[in-house]
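Chains here go by letter, A, B, C and D, matching the order in which they are written, and residues are numbered from 1 within each.
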């Protein structure tokens, strides 16, 4: 198999990059002088599977500052450390319908509307490492966390940081507003200084893909194998990205593209589909909403050409019951189950097999060909044998055979 | 297997209803006098799988008016008939962060922010059956569509309709605003009258579950087998419900519950997970946001106890490569694939098998145990054999065996 | 005295018109097709004194539709008929900081923010002639009132009315919103139809000046002598024009121009200074806020060149005590007062004369040269003689001589 | 004349205080701990005429912190120093319809909406003493200015200042927002620190009355005779107080009370009528809008009982032509003018006398009994004699006699 067929995903990404190169328009961010120096022609993409395979095309190794793409990861670290309830005492979870730098404090609660806008992101950073931590401690916490998401050491672009700090009056204003509303978790300077450094961390499209893949796996870095945040923290973060990640275009993005995503003014975008993959893109020119023009184009292409839509109905699977085989002596019927048993397929299995439970023989549920059982599905199977009870011959009416223990692995999320 | 074990899903729903009966609080809607007559103690739930099996508990057959639960279905009919681009010329797709009766016209475009708020829903109804259709024609179109979603004939509660029409000045105001902004698709009276009747259609929790299941299957009613709307229309509708369905609590709902849902002041809620199931709940007392208190409680219980969260990472499946078997003569290696091959598992298969392609033997990809192949996955496999080319012996290096044609069934969505 | 010096005010207005003719910019209103037919070069102004003398220049007799200039006069009629408290149950008195067609219903009360925006003006018209009056009766009431303000019969431009009615969906929306909030005073159609006709009444700059002068006199038409509205109704109306009359530029207008004013998209503006004069201007091209460009220029010129600013401090007057003359026999001291005695000058008189009250002679306050006494000033003088009491000789210490009864004419406003 | 009649204004204020003492309700401000210590029963009022006479009643000498009452005076100092155009590049002049601590930056320009809300007031203070001045220099400038308004030295309540500084995060946020929008005139700390000290200046009701009287005279302290700000600066300030001084109740205040006013959370209110008087009130309990409950009650009583309404029509004055007397020889007609000649009375004089100008005799305009001539009025008289020209006998047709030079004193404002 020559280079090409050996990595069809890489080929696919190459094609996506080539097409995106033809897309014009957008302006490199100029509100921070250092950002304006970015080369507008750089263009890269990487995709990391939840098993940790890295595919990439174009300038996937070019460095740039993470900017707002850091927001979901900092949020994940905060909810992992403090729990969702504590974090949501300080910041809301609602889309704002407003631009990234909107003030958007909830009138009643004083909370920033969500952690994907600046006001909310600063509050998130203020919570890290506790109320008394200084900027150094907060930043150390967020950097260490981001490094675990990325699986490698990360550094700060000091020129960008200096530029952020110098032009950061609006962000300071947001921090003071949050503090006066009682929702900031620390001193203002500690929060804003750590936040400016957080935004100035240098990454590549490959890093972003790895970080996104770590969320997509439920919080475990697929290469290092390290659990970075809990499964619940990953799920909550993906949910917030889904509803708020693209600012005031989040609703349309979910309809038309259907990937959880977050963009940054440095030109990066992360995107992911839970349980499937993480993607990172890089191209500096931004549209009016501050999203990378070519990054958006690449993600739209992947969504429409490859059906990568969170909410897509998947084509009808084959039946989860591969075969129904009477044993030679007629005393058993073996139902050979197969594939992934989510709630719906478990429901199907049970609905179809219920009439076959009888006093006169044993129904064997064979899980040997089942690749996994989702928690809700496992819950459905849980008490079936005991409730079915014993038949006329004193043998169980229903028996489970699960040589690889897939049934036990399904657990409800916390 | 006695009654109970024969339907574990039904047992589960019974338990959910029993628990919800203990939940207190909420008020039956009173802004329309007829609604105030509802019995606050009625409580029911139904779940319909994408294969059309109906499970239910409590008062799943009690009739009530559909109210705002009609909004996503009318939207689905509109985008199915007119396309997404035409519909979005009239109504946006962004969460409003505002209550159901918010004015929320986008300042620049004059479009209501989304089709789940009243202003947007009236615009959607105005589009049905064309600009010149009168209220009767529009209503006939929307009722026929809802009947196809539900799989049965539906009637209007005339007393509620009269009440809606009498108290509908705010909705008339929204229609006139949309018309003056050029976004209403018909005469005001035609739109509002049809909309009032649409909201007054009588349904049960069972109907709502069936309607939701029809969206969850990608637009095909799982009992009647009728295609009601296109796969794309269903996906777009689910996306809009996901971001906007719970009004100004949509973001928190997605984080904490993670089911696409839409509530109505009649006490009903629909919820669904794509490709899995549709749910309908009924209980009249509403919270301050207008959502059924016990309906919300039942959906929260299902989500947390059974892991029914759209964005949940699913536990690690077994490898999609069940076995790698050399043929007796050593001339072939058979890779037995299994389960559902989504993009990520296809990516894994290819990444792992690439090194095994060689000049000296044929690699057989055996799809016999594969239950389905998602479009993006199929795309990855598409050109593998031809690109792998021929080996030293003139035989193909890679061969696909797909006795049930699952590979061909994967198609990118439009 | 030749033509010119005989009317210096007329000369002044001629000069103002000539200068304004050089002012460029603005667009004739086009949102109602009929309005777009106006001749952009027409330019006129009229000023009517509170004694009813009419001065004019340019096209002061050219007819146009009154549009929003009708709002303050309809408000004056409503508060005159129903009282301020009843009217403010339906509409607020606060500047909106928003454009003329803003929705601006107060969230808590459902009242339009003020009667100068469309929503508030429709509510005002809905109150005229009572809740059961139809459009004909309401319009008859408002027209009759406007005729009394103008001192002549007024007609409707039927083509403009038809155009207003055809394009009036936004105004209908505002009426439905107000009705659903419980603040509209009648059926929607009655209010909007009467309002559209009210806006289509044909006036001239001369009419507007007369109408404004009627407010400036405290509600009495200075030519016909008819009391049109109460003094209080006029004062309240002037106050609302002062704070809300120029929409979202009202604050800057009050600072820079300082005349109570109201503009209309027909090209007219009324302006006034209480107790001084009323002005009407006409020139069709409008600026972005909907105000006549040249009308604004003419009023700015009058304000800056002639010191016509409501809030201007007036140059120091001479002392209100013209002379202090002992009588020949030394038994009296006569204080000859002069000019207008407002609160401040009365305070001055009393402060200066208090040391002169003695047991040995009588202080005579002579009001013969006083032109008027304001209510607060009269209040200060009211009990002075009786409180001063009798001197040694049994004669009053203080005596008032008021041959023309100016002291009695001062009354506190209700 | 016993004590009482000697000061009828003082008696009036005593009565107003006695009545206000019966008014209940309101809460002493508690958001700054130090303010909560104020004695809620203190109640005082003072009125200072534009000639500098001081009247007072109750606790007019009790000290409290000036708080937001400082805003109009700081604005007056800024426009006096920098001009209206420069100041309005940084802060708008429009009512916000919002509470005192609203954010209210204009979306397009980044300017706070007006100088009476905190954001705008901080910007005003940032402009004083120039962009490079530190907090000490800025505060020195504003204190020196306020001292000239009050006519005495003023000190800071250091405990209140410390409290303001400690709880001032929201104000710091507003300053950072303004700075990021480019509208703050200095470093943030310099502006906020000076502003906190400015708010902590200690005054009495008597001081406030004197400060207001200084504005009412057109910028000259009526006791010290010092010109504190220009006539234009005073007029602009009064206009801003009129439209924005009472926050989101400014419109209703202007309708119902009709005095330019500004309140502070320390319990003080200033009010004035241009050319008439300044008032200061003090009573700590505040209503929900932050206005002193009894201070409002006292001002309402003064307005309604004494007709002190800016926009009141004043009762019809006597004719400004006191007499028309032919000279003994018939060669002259003497028109004896009287009182204050504003624009309107000058217009009346000219309109009535124009027919009497003839070739055969001289018309003498006698200004000896005229107390003053307003600028617009003087403009009308300016060229009358020369334009009337010479009669048959070579003598002027019109002659002016103005022994006290009142005609020359009228000047248009700049």
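Here is the rule we go by: contacts are C-beta pairs under 8 Å (C-beta built on N, C-alpha and C of every residue); 3 or more make two chains touch, one makes a residue touch a chain.
All values reported here derive from a predicted model rather than from experimental measurement.
Chemist: Over half of interface residue numbers shared between subunit B and subunit C means same, under half means different, so which is it?
Modeler: Same: when the shared numbers are divided by all numbers used, the fraction is over half.
Chemist: Could you put a whole-Å number on the gap between the CA centroids of subunit B and subunit D?
Modeler: 64
Chemist: Let me have the rounded angstrom distance from the C-alpha centre of subunit B over to the C-alpha centre of subunit C, please.
Modeler: Computed value for the inter-centroid distance: 61 Å.
Chemist: Just give me the whole-number Å value for how far the CA centre of subunit C lies from that of subunit D.
Modeler: Once rounded, the distance between the two centres reads 21 Å.
Chemist: So which bits of subunit A are touching at least two other chains?
Modeler: none
Chemist: Which label fits the chain touch graph of this model best, line, ring, star, complete or other?
Modeler: Chain contacts: single closed ring, each chain with exactly two partners.
Chemist: Provide the full list of chain pairs in touch.
Modeler: A-B, A-D, B-C, C-D
Chemist: Considering the complex alone, what residue numbers of subunit C touch subunit B?
Modeler: Interface residues on subunit C, with respect to subunit B: 103, 169-170, 172-177, 179-181, 188.
Chemist: Which residues of subunit B touch subunit A in the complex?
Modeler: 1-2, 4-9, 12, 49-51, 53, 55, 84, 88, 92-97, 113-114, 216-219, 231, 234-236, 238-240, 242-244, 248-252, 254-256, 258, 260, 273-277, 304-320, 322, 338-340, 342-344, 347-348, 350-351, 354, 357, 369-372, 374-376, 379-381, 383-384, 387-389, 397-398, 404, 406, 409-413
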